[in-house]
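In what follows, chain A forms one complex with chain B and a second complex with chain C.
Let's turn to the complex of A and B:
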């Protein structure tokens, strides 16, 4: 401690005030006039997710054998089995609000009746709307697939050393 | 010249009223007053947001009128605010709460009547017009303190306290630069000052750049522009003295700062940039004054995206420790350059 107090603290060089202000203003003006925004215009353009991206789980009623393995493995119990009128077997229903998108149900399904979509930006007005029974889930899946086919422009994000962020369209014509 | 139109004379003969009266009504209401001011404020707030966005590599206002790059955003916001319910807090001092923003804005319109907006375009001429503008502007801090007190809100109290500090620190510098200007031109009449600059072909910015710089910095402080936005410290005290205001009253408090900035920049144009200097005709003169003023306004709002905020103690020490001595120096410069203007 004694040594430290004796040691001379090297005095920092004081910046030239006028030059510093002028530099700040020129940098600001240069950015204003030369650089382009890095914003991705999200609702019109959206990002193409990589392979293996885990989004909302989709369900195919026709493939399902009603084994209920998915509801047993689901960690947050987002999948529960429902009784469907006119069907002997129990079918899975889905609560997006509880889902943690772990993908265990997709892996355990013996007949590939469940799959991971690449959608994770669905919006609901009410909590009740996030709970699907088997029939709802099937329709939701169909809507989602149709929406994906006619999806707005997809872009890939590229990190550029000069520009910063750049967006490249993944749609090949 | 063909472009010279005697608008005031035409209207006064048409209505049978004395031209002084027509002049005194037209100037504060249309140009350089409320009409043009409204358009400029709507443009300026959009420009402020757009410039800050561009410097920060964002897009800024965009979705209202995409073709104009969102230029009508402020018009949409203004209409929304105009029809919003005015909520008065239960604890508020009702008369003071309502009257303070209205009175402060009304005081500002007095300044519109005196500042010239072009050759022969002014509300009324006086040999003391510079002091009248200064007086009209310096009424508003008192009313802002009143707003803070009458809102009975902790943020408003803090904001009102800061307004006091800002006023004391800023107005000394502003007044010092104004007086050094008056000393330089040996006149307190803005019209006469512009005429002196036109006759000698030396603008005030060249003759006394220090006073111009101090005037600009003090104007930034008094109108809460970003390096010194203590009063409306959004990060700490929601909206300062204006926290509780809603609807039309909020729009008035918002327009108050921009109005002060507009008046001060018009004054800057007249005092330091020679007003309508290169032109004689009315229309070209008005265009020159407006162009200079808008350029200054854009510079003032551009600084928002460059600078960080300053603390209260930093502002006080900068204004009293650095700028006030410089203001005294600008008196000396004025004394030296005064012979230039005869």
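Let's turn to the complex of A and C:
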């Protein structure tokens, strides 16, 4: 390492000044003219997430045994236990505003009463609407499942050697 | 005394020194080129006399929060220090708790962790390169690097189910097995990125305009780098052959890891080290995928304890946890672990009193260690060189403030 001349350091190999300028301009022009953009026009089209994507948590009331493990593991305390009239056990309620979509509740659930949906861009008008008690959460789950199936203009993201990311419509013509 | 306001900056005259005006310039805290911090720059004409970085705008009490949560819930909290590098930042914590619990992750889990760590390192370096580019007003590099980062976010999404906050490594192993089609997707991403790196060289690294801004700017000699305690690519660019991955955590021992070391120690060399590390990380993932051992991806002890009704998920490559996992009880003791992040070396000091929560968790992040370079490097340079030095250091304020 000692007394090495500047030229031997790999990053100091200075390219020919004219050639380097031309290279930069050429590659810029080439990209500008030939390359397709990587942008996805989001609200018009949306991404079909890959298998196992962790979106909004959905809940099945009939499978639930009311063990409260999900509310105990939830890192931001988005899941809390509620008393439901006519039910002896406590049932989980859900606050989307607090949820970080880590999916730990799904993994701790011993009976598959919780699952990850593939929707993560749900919009609400008011803050209070983001808090669900167990019954609301069940109805919300049904709405979400319907929405998941009926959402149109979905694209699948595919890694491509030439352009990086390519978008392919999921609708087969 | 006069003062004036520029967009995002405030200038104040401090008086004269030997007939020259000394000016105090506030860059930040809302300035786009400063991040969540303020830089108080003292100028003599156009020459920087001193820089006083004013940090703490994004302090979130990570260390205290960790004391109030159970071991497994801490992971997704500390992940938020550096969400662009989520696996690297949580891995040493997970390893520390594993050592206190006395459990060992299976070899396949170690390899899967390594793969995600390297994907994270690539996206972190691309993020740093992009910001380094925009600091020099080179918006092409900014757009290119952030666009190509999407490729690696998509790979991480395939592997873990989340683009940024993966919470992938947990005590006992990892949460998901390698998905189908990942090898193919990575193979394509590797070929794409290798080609792109050559284009980066042409438009950014070998571009005479960029070289003029970066060469011999902010030189950090080898001795100073060690004395100041710089870390990560900033240290290696000064010719110090040290990388926390040499301490052989995760699967780096089997992968025959060798660090990328530069020599000159200036801003250009720091960018060069990052570019070559992206290349090397691609190589490491390739090696890890080839050597990936068969077997379970989660510790056998917990797999056996998992509820029988959901065991079919484990065969499909998704982990299911036993109920006792929430209140893991470690044996009392303390432990220090370290790992190499994209920005440098992160150190955790975990103290346990035998309870279900950490007694104390001390975190030293790489950006906190690199902060001192802001004070030392720009002295004697022109104000114009300051963004170049900032861009080359790859500083991440939320990580330094914790």
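One rule holds for everything that comes next: the second predicted complex is superposed on the first by the 117 of 173 C-alpha atoms of A that agree within 3 Å, B and C clash if a C-alpha of one lies under 4 Å from a C-alpha of the other, contacts with A are read in each partner's own complex, and residues count from 1 in each chain.
Just so we're on the same page, contacts are C-beta pairs under 8 Å (C-beta built on N, C-alpha and C of every residue); 3 or more make two chains touch, one makes a residue touch a chain.
Note that the structure is predicted; figures quoted are calculated from it, not measured.
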Partner chain in contact with A:50 - chain B first, chain C second, else both or neither: second
Which of chain B and chain C A:24 touches, first, second, both or neither: both
Partner chain(s) touched by A:69 [first = chain B, second = chain C, both, neither]: second
Touching partner for A:88 - first (chain B), second (chain C), both, neither: neither
Greater residue coverage of chain A in the superposed arrangement, chain B or chain C: C
Which superposed partner A:38 touches (first chain B, second chain C, both, neither): both
First (chain B), second (chain C), both or neither touched by A:164: both
Touched partner set for A:126, first chain B, second chain C, both or neither: neither
Overlapping contact positions on chain A, where the chain C interface meets the chain B interface: 24, 27-28, 31, 38, 164
Contact footprint of chain A on chain C as seen in their complex: 69, 72-73, 75-77, 140, 147-148, 150-151, 154-155, 157-158, 161-162, 165, 167, 175-176, 179, 185, 188-189, 191-192, 196, 199, 202-203, 206-209, 211, 239, 262-264, 268-269, 272, 307, 309-310, 318-321, 323, 325-326
Sites on chain A touched by chain B in the complex: 24-25, 27-29, 31-32, 35-39, 41, 164
Complex contact set, residues of chain B against chain A: 51, 53-55, 57-59, 302-303, 305-307
Footprint of chain C on chain A - complex, ascending: 1, 4, 6, 9-12, 14-15, 17, 20-21, 23-24, 26-28, 31, 38, 49-54, 67, 69, 72-75, 100-104, 107-112, 116, 157, 159-162, 164-165
